[in-house]
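One chain, chain A, appears in both complexes that follow, with chain B as partner in the first and chain C in the second.
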Partner chain A sequence: MGLSTYLTPSGFLLPSIHSAPPFFVQQPNPATQAVVTEQWTRLVLSYARHRRLFFLRLDDAAAPTGEWAEVLHNERINRAPLPPHLALVLAHMVAKGLAAYEPPRQSRTVLLHWRLPEEWAEVLHDWAVGTGQLNTILTFFEIAEPEVESPLVGIPAPLLRAAIAVLARTGRAQAISIPDGEGVRFFSGRATK
Partner chain B sequence: MHRRGGAGLAGLERLQQSQRSFATLSSQLSRAQIDNLHAELAHFRAALTHFATNHRADIRRDPTFRRAFTQMCAQLGVDPLAGPRKGGWWEDALGLGDWQAELAVQIVDVCVSTRERNGGLIDMTDLVRLVSRMRGVDGGAITEDDVVRSLKALRPLGAGYEVVDFGDGRKMVRSVAKELDADQMAVLAISQAHGGRVDAQMLVEQRGWTPERARAVLNIMLLKDGTCWLDDQDGPNGDGVAYWVPATMQWGE
Partner chain C sequence: MSTALQRFTRTVDGTIPVPALLYVDEDQICNQDNVGIYDGIQKSSKHQNGTVYVTSHRLFYIDATKSHSHSFSLDLALVVRTDYYAGLFASSPKVTLYLASSSAAPENDLANESWICELCNFRNPPGTSLSAARCTLCGVPRARSSSSTPTPAYPTLRSGATLRPALTDPAPSRSPAPAEDEVACPACTFLNHPSMKECEICGMTLPRLHAVSAPASRAISPSPEQQSADESGTNMIKLSFRKGGDKPLYAALRRSLLGKAWEVQRTTRSVDDTGAERSGISGLIRSAEATAQTRQDDMQDALADLETLMVKARDMIRLSADLNERLTAISSVVPASDASATSILSSSTHTSAYAPSALIPTTQTDDATFIRSSLVQLGLHMENTPVTLDMIRDEKRWHEELARELAGVLQGSGRGPSMMRTRGIIGIDEVWGGWNRARGVALIPPETFLQALPHLGAYTDPPIQMRKFPSSGLTVLHTPSFAPASFVGRLQGFISEHGPRTTLEVAWAEEIPTALAAEMLAEAEMAGEICRDETPGLSLGLGADGTGEVHWWLNIFQTYQWDGQEDIDTLHTSLPM
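Our next item is the complex of A and B:
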């Protein structure tokens, strides 16, 4: 029995380790578990990027259908990570800054950083410059649900807030509170602090 | 009372005299032989160097040719690896010392980088495949033979790299300095026959071990050595326990 890669219906190529039963099981040997955790981290982030998924919940491990099913369930070998195992992987990702508990002070749901806030900041600023929206006030809604398709579609508010904070540090954006929510104003990159 | 026979002082002297003559003659003869041998050796060395220089490119590029050449060297009692240490004529003629050392570095690289995954035990064909990939396509073809020779070159460093032979044509390279005992070898052999999977029941049935012995060996490999991985969702009900040995699993690309 050989372990091979697998192309999911959504067009994602699962690595061959995904067809190895012990990959889904929490390993008692810490060195082995470190390998497993690292592989899961990489897999979760690349799948999230592939499907533009921003959140991962522990409950996703128990759901045989749903947006994470292709990765969290391997029905060909009938394996899925148990919630405590997935929690371990998520804790590792949070510790590495590759995810954040959202909302904070719980550990069942994470916001995935398949782009780091610093990377989102650049994407955001490039978009604002490219669409000629410097110096005007934009609402979070206008950014996450734009009329024209953009790389920022669906970006959750906490991630947007973090990206704006990064830009604010270099004087390229300013967070603004508006009557019905949050807004932001972007400035040209050349502006001095 | 002089007698001209063998006894007495003069006789002793004559005996010594003739012994000295024989000794001189003998050393002359052996010197001639040694000179002759030296000449032959020089001749042989020149011929071998000539051959090696002429076919240097082939030796480095073609694994089959390299194997034939090293076998020839072994029959002649010449060690291709000894060259660089003694005077370096071999190194000059062939550059094989460099080649071998470079290969050894790549082997160590692969063994170390896969160690966390396989606990320091890697299948020979996997190792050859990974090293070949690292070397790229251009003249990088290597064989098990080359790996074995490179590992031999590493031995003086005491790194503990060793080839484990299962006797059925399959070999593994062990890159951590620990002994594989007979029980662990048995586990490896069984897992190898089942695509990497092994459980206590198989060891009890196929080796006649007690369940305690089987579990003890598997636990050492799992917890202490990291040479196998745990699967506790095994079986139709998903609650069985099986062990997987990464070194004997057939990994796709």
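Our next item is the complex of A and C:
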């Protein structure tokens, strides 16, 4: 068919399937649709990881510009997934644990787990150890927006909370409530990396 | 002074039989011949021998000799009193009628003409008596003091107190001469109240009234006049019964007078007026109701008949089921007694009477088969009957023959036209229609057609198979080139050659109807051979394809491998392909 990959201006390589119009159409054949959904999931997570995007909303499909425009809109072939199709993809991701509805009990916005909370926990702990901030109380704000560049920049609070919960299970962190937000204290713990 | 006869009676043509002279609602009660008439005290010379008829409204005298000119009728409304004189010796019994004039008198001679209703201007046919007269169109009773042919002045011949407003008048009076103390304006002719000095409408000064009832007559109570007339006999008529019959006639006369049939319509508005029912808006409504009621009754009768028919049909079905069971029972005896039966049959030729049970089986098998197959053909399917071999044996041959014929129709005999020569796939509805048209008169019902189809493959070359689409239930006949696998192969070649194709383009290429192409493409899609691309409403700007048509692609997802951005810093396991 002559499909080719495409490099977006932001440096992301779109797969060749993205140039095929049927990719954007919900397929009646369940087997075919399963493949489509799978590829979409991978694409979304990959792009989120590349751009460090945490949220995906159904409205992003409707807006021609935005953070997701490079993926969700293909101007070259003039196609975009319809909201029902995208909702299907989101539901699939949530079912696989690769995303979570955030805020909960609605199905229009998801928080993407392009890095699972367990992995975030590891990253978090490593960063705390690496920057020498063990045993001190840190606010969420400080973690998400530190002065120094860190892999945790921009992490949303729910994800951070989930990571801290994971760490708390192994005794490496402790959630503390402080005025004006939430805080956490890291311990060295005995968990191995 | 005019005589009573002159004043109160009206001449009629006695040659007309009396029933024809009667009003529509008038009934004849009694009659008596050999009656003479006394006008007042003296004998009336013209009316000495005739027949008197008493009806509910009037009294007729038809002269025996000169019936044409010497007959008259008298309204019973004018009778005030009656007297009876039994007669002695030479004088015959007499009945005296004392008459009084009423304001209804002047209109009497107009009762036999058609009259115009004042409200709706409808010209009513003659025949109804005055009091009972109602306009047949609007149902309004006829006015008391109106006349159908307006005359400039009231006929004063017989009127006593014509203009007295003594009687209540339900109908509006538009008589030309002003009645009831109203003053007509000279300029605009509006009828003003008598005490007005100026006309209410136009302001013209009104002429002063002298006497209310100045024209026409003196509005004096009739009683003094009556009493004086009584004595002078100008207001009385006597009937002299020369040959008897006075008593029954007098009784009938009194009954009529008591009944006052002419006044019934005036006072009561009872529902059982026969005249009211047929006239006016209520009459129209009633007639519509009557029509609807008749229709309803007819419908119910028809439904009742239908039910009876259904019951009978049920009986028939039950009978045939009985028969079938009996046949089954008997024919099951056949194998055991077949050998003996045949021997008995051959030995005795006249054994129709004896040994019927042994004889019946053989003949019954054929009959049983025949009856059962005819039952099946009639559509009365029996649930308990096994489809025995003998029953279907002939039918199978018949189906095969039909299949052979159909094969000829579909593929032609080499020369003539055929249905499938140029088409590889065809819906069976088309086949059935075309085949029946080819057969002409001997049509094939759908069930037989379906039974014949499976045999088609044996007689066709290339073999035609039947296939049913699972999604829509459409059944088609097709040649092997249109079997799903070969069709898909061709389709894939077509798409890879020309790019994504719409359903329409596929239909053109394969030369099959569009709906059929859609069916086959849907089937291929469900099998995973092709995938779709459609442009729904959401399109970015003016794309090249905004029509919303479905384009068919080869299934690129089947063998797709991810070739996009490789995740470098992913810590979790890679997603399955």
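Things to note:
Quick note on the criterion: the second predicted complex is superposed on the first by the 189 of 193 C-alpha atoms of A that agree within 3 Å, B and C clash if a C-alpha of one lies under 4 Å from a C-alpha of the other, contacts with A are read in each partner's own complex, and residues count from 1 in each chain.
Operating definition for what follows: a contact is a pair of C-beta atoms (placed from the backbone, for glycine too) under 8 Å apart; a residue touches a chain by one contact, two chains touch by 3 or more.
On a predicted model such as this, the values are computed, not experimentally measured, just so you know.
When both complexes are superposed on chain A, chain B and chain C end up clashing with one another. Look at A:130: by the touch rule set out above, it reaches neither chain B nor chain C. By the touch criterion stated above, A:119 is placed in contact with chain C alone, chain B being left untouched. By the touch criterion defined above, A:47 lies against chain C but remains apart from chain B after alignment on the C-alpha atoms of chain A. In the superposed model, A:12 makes contact with chain C only, not with chain B.
The larger set of touched chain A residues comes from C, when the choice is between chain B and chain C.
By the document's definition of touching, neither partner reaches A:103: not chain B, not chain C. Of the two partner chains placed around the shared chain by superposition, chain B and chain C are both touched by A:25. With both structures placed on the common chain, the touch criterion links A:35 to chain B and to chain C. Of the two partner chains, chain C is the only one that A:75 touches; chain B does not reach it. Only one of the stretches 133-141, 259-267, 403-411 or 529-537 in chain C has C-alpha atoms clashing with chain B after the fit on chain A, and that stretch is 529-537. Shared interface residues of chain A, touching chain B in one complex and chain C in the other, are 1, 3, 5, 16, 20-22, 24-25, 27-29, 31-32, 35, 78-79.
Interface of chain A with chain C (complex): residues 1, 3, 5, 12-18, 20-22, 24-25, 27-29, 31-32, 35-36, 38-39, 41-43, 45-47, 49-50, 62, 64, 73, 75, 78-80, 82, 114-116, 119, 122. Across the complex, chain A is touched by residues 500, 525-526, 528, 531-536, 538-541, 543-545, 551, 553-558, 560, 562-565, 567, 569-572, 575-577 of chain C. Note for the complex: chain A touches chain B at residues 1-5, 16, 20-25, 27-29, 31-32, 34-35, 78-79. Residues 116-117, 119, 194-197, 222-223, 226, 229-234, 238, 242, 244, 249-253 of chain B are the ones that touch chain A when the two sit in their complex.
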